[in-house]
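Scrolling down, you'll hit the structures one after another.
The two complexes that follow have chain A in common; it is paired with chain B in the first and with chain C in the second.
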Partner chain A sequence: MRDTPRISLKASASALAVVLAFVAAPVKANEALVDLAKNTDNWVMTGRDYDAANYSTLTEVNKETVRRLRPAWSFSTGVLHGHEGTPLVVNGRMYIHSPFPNTVFAVDLKDPGKILWQNKPRQMPTARTVACCDVVNRGLAYWPGDGESGALIFRTQLDGHIAALDADTGETRWSMENADIRVGATLTIAPYVIDDLVLVGSSGAELGVRGYVTAYDVKTGEQKWRAFATGPDEEILLGEDFNLANPHYGRFGLGTRTWEGDAWKIGGGTNWGWYAYDPTEKLFYYGSGNPAPWNETMRPGDNKWTMAIWGRDAQTGQARFAYQKTPHDEWDYAGVNVMMLSEQEDKEGKMRKLLTHPDRNGIIYTLDRTNGDLVSADKMDDTVNWVKEVQLDTGLPVRDPEFGTRMDHMARDICPSAMGYHNQGHDSYDPERKLFMLGINHICMDWEPFMLPYRAGQFFVGATLSMYPGPKGDRQNNLGLGQMKAYNAITGEMKWEVMERFSVWGGTMATAGGLTFYGTLDGFIKARDSDTGELLWKHKLPSGVIGHPMTYTHEGRQYVAIYYGVGGWPGVGLVFDLADPTAGLGSVGAFRRLAEYTQMGGGVMVFSLDGEGPYSDPSVGEYEVIGAAEKL
Partner chain B sequence: MKTFAATLAVGLAFALSAFPALAYDGTTCREAGNCWEPKPGYPERIEGSQYDPQHDPAELSKQGASLAAMDHRNAWRVWHLKKTGSFQYDVSKIEGYAADAKPPAQ
Partner chain C sequence: MKRIALRLIPAVVLAAAAGAPALAEEVAETPDPNVLRVCASTRDAPYSERNGQGFENKIAAVLAEEAGLKLDLVMIDNDAIYLVRDGVDKGLCDALIGVDSEDPRLLTSTPYYKSGYAFISREDRGFDGEKWQDVDREGYETFALRYHTPAETILKYTGRYEYNLIYHSSLSNFEDRRNKYTQIPASLVVSEVAQGNADLGIIFAPEGARYVRDSRTPLKLTLISNDLERSDGLIIPLRYEQSVGVSRARPELLPKIEAALVSGKARIEAILQEEGVPTLPLS
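The block that comes next holds the complex of A and B.
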């Protein structure tokens, strides 16, 4: 006799309830975003997915076909000034952002010549006067919606607001004040969605703004938590296990103890770069920026926790670890740069979850992102001179006093300059080649501090800078200000490197087609062979580039898109017509030849093989006369 | 001899001025995560020194006050959105708004 398993009705009901509950449970935003990111039709966040690796598995455009890339369509934002970041593509639409006035556009990829909606916020024009380095914005965030609410687009505004827009209609759902321009605080960072939270950073360290990151409820705008970079532990949100794995980094009380008096209240440490997230660890990662003022003599101490790589719990904001890369910064090496996540075997062959961060200070750091262990810290170029080495066991940089700065002293030939050997560019990681594709600055500087008082809302820098090409550039002609490099974080070696005329400011995108794309300040989008660095293709854009490329498929065809629009810190001399070489915090002198190659502009250029796209059929988007068929 | 001494003094002065303020390399720590040292010739504390910026405490408090005021207005906006389902940015148009009182519990 066959033995039939007996299942009680009660047990069956329980099991059914569990199943139904599972089926009925709304898909969490994280899972939806992860799934959307897996589909090459989408580019749902600034770094493509939570790894922030800017890597695409697409191969239609590859080493053999890339020479056939041609413009398929373009879109002008109608705004000049620097266009940083990259557009988003979700479910057949492209969402495009602009610098101040921070207009957002939605277009249908089937007919991008028709604007589906645009949202232009009203802002106080005085916001422009407190922005340190042009009026840039780094992008948008997408929340996919749930059973209650439709999808949302999040936008930051230069005047300090964070706004939620209906992704379908563009209508503003809510708008909250996050930063006050009257005290010098602005917003340029791209918001970031984790679960039902949207994270927002802060800008304004050049005006003494004390940095913070804030989480808001996506549906209501309600503040869930805020974590500062300086001050008392309870305001920095240090978890009980903070730096438990690496107590030598420092643990508690240092946010005030490493400052004199109340200097931490105006001590900077803003975060305006990029975020990454590990859904398994439930930690997000970002960098806090430079201490204020730049004049180091005015702020004795290590100035914790400016200049740190952070790992924080997304739901509570509590920090699990922080590693300060440049204690007591003397050079404005603001540590906000991109965090790229990878899983690789370390030198001992142990598979590890890693975080790699090319810092302004010329060092590229790799940490174990589960606990903050320092795995490697290599110079991005052998001309870095402020530091002799980074001790992997202590985490401390061994500074070379010859290149320190101080009052009553003109420090000369410091490498890198305040712009860093790497700045805000969103770079990429190619997992097949285990290479980080780095867009690099090659700029050095002279630095002379001066004293100044703090006045809320006024610039609070205290240093005069002169910048010029690094030793490998052409100092006589003021060119050779950038590089492209392919870096292996485990071996510490650069597989290839090439010089560029100007900084590669915007970042890179790597693809499974064996290509690395990036834009240049002088207005080219280029594709190099990821294995050799050989230049395979380039196209001249209407204006210089400070954003990073992205790629997507639509109706089976691969497209490559990039913003053009010169500006940002390297472009302030050009966009504001400045001539004093020390103006623009020193960038005007360094980039004084940029205007010979490009002028202002602003928009998106989209490429495909042979330029095929929505308008290959010329009838697409044509004016249709109502009743025309009957007349004929 | 006098000339030699003067020359030596000038030479020493030049040598000292040509050298950077040595010693601070960031690796001598008073505790974990606290490794700053004053550079030779510069004070441990700047208060009362020639490098004292003499910050005005009123200026230093402005950022905190501004954040508190923004958070307060935002809390009322959230309260109104939850209560009515519609968003109102201008808090003066929110019924019951008070600059010195939190929104009622919901």
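The block that comes next holds the complex of A and C.
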């Protein structure tokens, strides 16, 4: 690994910044972001606000009016690959990101037909071959600026760089190498701004990358701290009070002791999902992913702290708690999934600050986010079978050996499959209804381990994976691979649930209009009644969806936007034209019918009631003939 | 005039066959007693390559001729590690030319040569190690090897494995190794040493011999003289006897192979010698 990170810093003494210094007293960035997020004109981060609840108070589009939702305008990114995450909207502009080559575009919401600026980084083309599961990117982050410096847009690049772009001009202010592509480390996560720090995760566990989260100074790119998922405590950054409230989760020395020898050095535990932040507790939350190497027989032990829910101090990186959901993972249940924050009364009627995390392993966990207490752990679907239950007192999953992946055992119908019942989708929480709106994969798998000896002491341990719809799907026709559900974390009940043809891969958005929006792999954006699940509206997009919807107001009108562009893990067969059903760890077989419904694409589609918007006045954005009057 | 038939079985057919045993039986044919069906890989240089090249395919031709059989070389378009599962067990062929003498999946002939893991170094480095522990030397940091071999164990037991992991990934273009057989070509292990990118190569000598022989930079190949004892007491041998493997379904072939190994001994030794394979006395 590189010792001295490369920094390229361009001087940016803009006149604007100087002017700002006189008008505004410095406001902490997170306070400014909280304020910006309160204004429905903005969607300042991938989860809308620090709660990562993807919930909007907007009501113009509601159960009655949603039928009138029509496209207002659209934008093509020019990239035909999986488009994850959402665009950001801040101060009248939309910032749009793309998968590799990770171009960023800014458009003015008044006239989005003209690109204000675009920034396409130069990247090592090898990044494409290193990425495991399509060349996706999950989004951008916005820093509002202060007295010294103007606003910035942060972008991660597949080749492992994090870059700060001037939000006004698109100029690259600095670029840092967060992960070395030459070591197989890529970057697909959306960066995350807290105060004057930008947080970035890491990808590449499949190649043995040891996962970490890093904080950089927003203005200079200087590294402030880096916290690993495995290894010695001082490198994992464990606070003195780490897991004090729940010592049975494990406390010190486990990042090395739960591994054989030095295996923690290549132990995985990257984080490429989503962050959430509690400005009062000063903690941010995220999940670390699967241990490496992939084959569990090669890494005896619990493999801490992979597969954990983390609460860390944003300023220091010190962990207050970590809860390992799947000790010694055998299924590739990488738990990087979204953390949604809510404040609710628990079963005893006590108001608590909670975080809710629909994990890849099929369990949806709710923790007290101040100390890590496990409040509930429910199966997202009753077909989850690798685990009988999660004991709330010990935090441990009670496994069913029938659905384990041990060497001498051909396991049939393990639910969920390696893709999880919930993957990277960014879901939502409706605080009015106290419901989490979950987009779910309904996929199970057969797992046939094999050990192939070869000559001279060589051998290879692997498994043949086949994936197919879960028991509630149509296994004969290989459809019925997804579900939509509305979950109450306190009662553990599903208010409603419906089946979908394919996985709901991208996530959901809930609104005070009583609607839950989401996109489907076969290319629809849909709106359901949040109370009943009834399908109220849908629209066919040019390509399948793996991102999540967002909404904003502009000049008093509510818009709903979503990326289209099929790809990601479910799309690898389609995107790379693979035929072997066991390829993509079985994804190719599971999604073999996807190509009958959609093809590649890439862009943003923006909707409003009756399609009203910037171009309702057809003169907007028209070519103006200079000197026309003189000619007349 | 050698009587050789060459058939190519694509990997796609094999993948389909792996999922459906019934199909594999359709693929299998009734064996012709006058034909020696040998499975060989298209990607196993220097043993076997596309178009039937490779020193083991030369040995196959010798054995067939000595046994008075027509050679049917069944080229499996996949890595050699799959030859037993996807070739012999599927009834596509009856023999493999190079297997460990103790491979329990096959009937094995009397060993016809013995070799071992070896260090490959540039002659100008003056490396004189010959025990596996000798990788732990001042100035020796980067080691080229092939995945899934005891060479990895050697690095683990000398504390050099993690440091080299990234380098090894680069030798296989960072290909995703999740549940996937990924391999570093033997020729690359040798050329990395020749170019000075690696301080030392660790490889099963028959796999590196040809490239050492042909290297423009003078290289030295040293057989490792001791075995490796794991912390759990298990001995990992670093020297292996090689036999011809015969399908358990075709036991009548074994005596013919044994006889051919005897009558063709000199010709086989000549092939190994030309290849540059260092051999050890058979026990």
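Assume the second predicted complex is superposed on the first by the 586 of 632 C-alpha atoms of A that agree within 3 Å, B and C clash if a C-alpha of one lies under 4 Å from a C-alpha of the other, contacts with A are read in each partner's own complex, and residues count from 1 in each chain.
In the analysis below, a contact is a pair of C-beta atoms (placed from the backbone, for glycine too) under 8 Å apart; a residue touches a chain by one contact, two chains touch by 3 or more.
Since we're looking at a predicted model, the values are computed, not measured.
After overlaying the two complexes on the shared chain, residue contacts for A:57 are found with neither chain B nor chain C.
By the document's definition of touching, of the two partners only chain C reaches A:585; chain B does not.
Touch criterion met: A:248 reaches chain B, while chain C stays clear of it.
Residue by residue along chain A, chain B and chain C are tallied for touches, and B comes out ahead. Looking at the shared chain after the overlay, A:491 reaches neither chain B nor chain C.
By the touch criterion defined above, A:261 reaches both chain B and chain C.
In the superposition on chain A, A:459 makes contact with chain C only, while chain B stays out of contact range. Applying the stated contact rule after C-alpha superposition, one finds that A:174 touches chain B and leaves chain C untouched. By the document's definition of touching, neither partner reaches A:39: not chain B, not chain C. Touched by chain B in one complex and by chain C in the other are residues 182-183, 261-262, 265-266, 452-456 of chain A. By the touch criterion given at the top, residues 12, 15, 18-19, 80-82, 84-85, 98-100, 103, 105, 117, 146, 148-150, 156, 159, 161-162, 165-166, 169-170, 173-181, 204, 236-238, 240, 242 of chain C touch chain A in their complex.
Across the complex, chain A meets chain B through its residues 172-178, 180, 182-183, 185, 209-210, 220-223, 247-251, 254, 257-258, 260-263, 265-266, 297-298, 300-304, 324, 327-328, 388, 391, 394, 396-404, 406-407, 409, 451-456. On the side of chain B, the complex with chain A involves touching residues 20-27, 29, 31-36, 38-39, 42-47, 51, 53-57, 59-64, 66-67, 70-71, 73-75, 77-78, 81-82, 87, 89. Within the complex, the chain A residues that touch chain C are 1, 126, 129-130, 132, 182-184, 206-208, 261-262, 265-266, 293-295, 332, 450, 452-460, 462-466, 579-582, 585.
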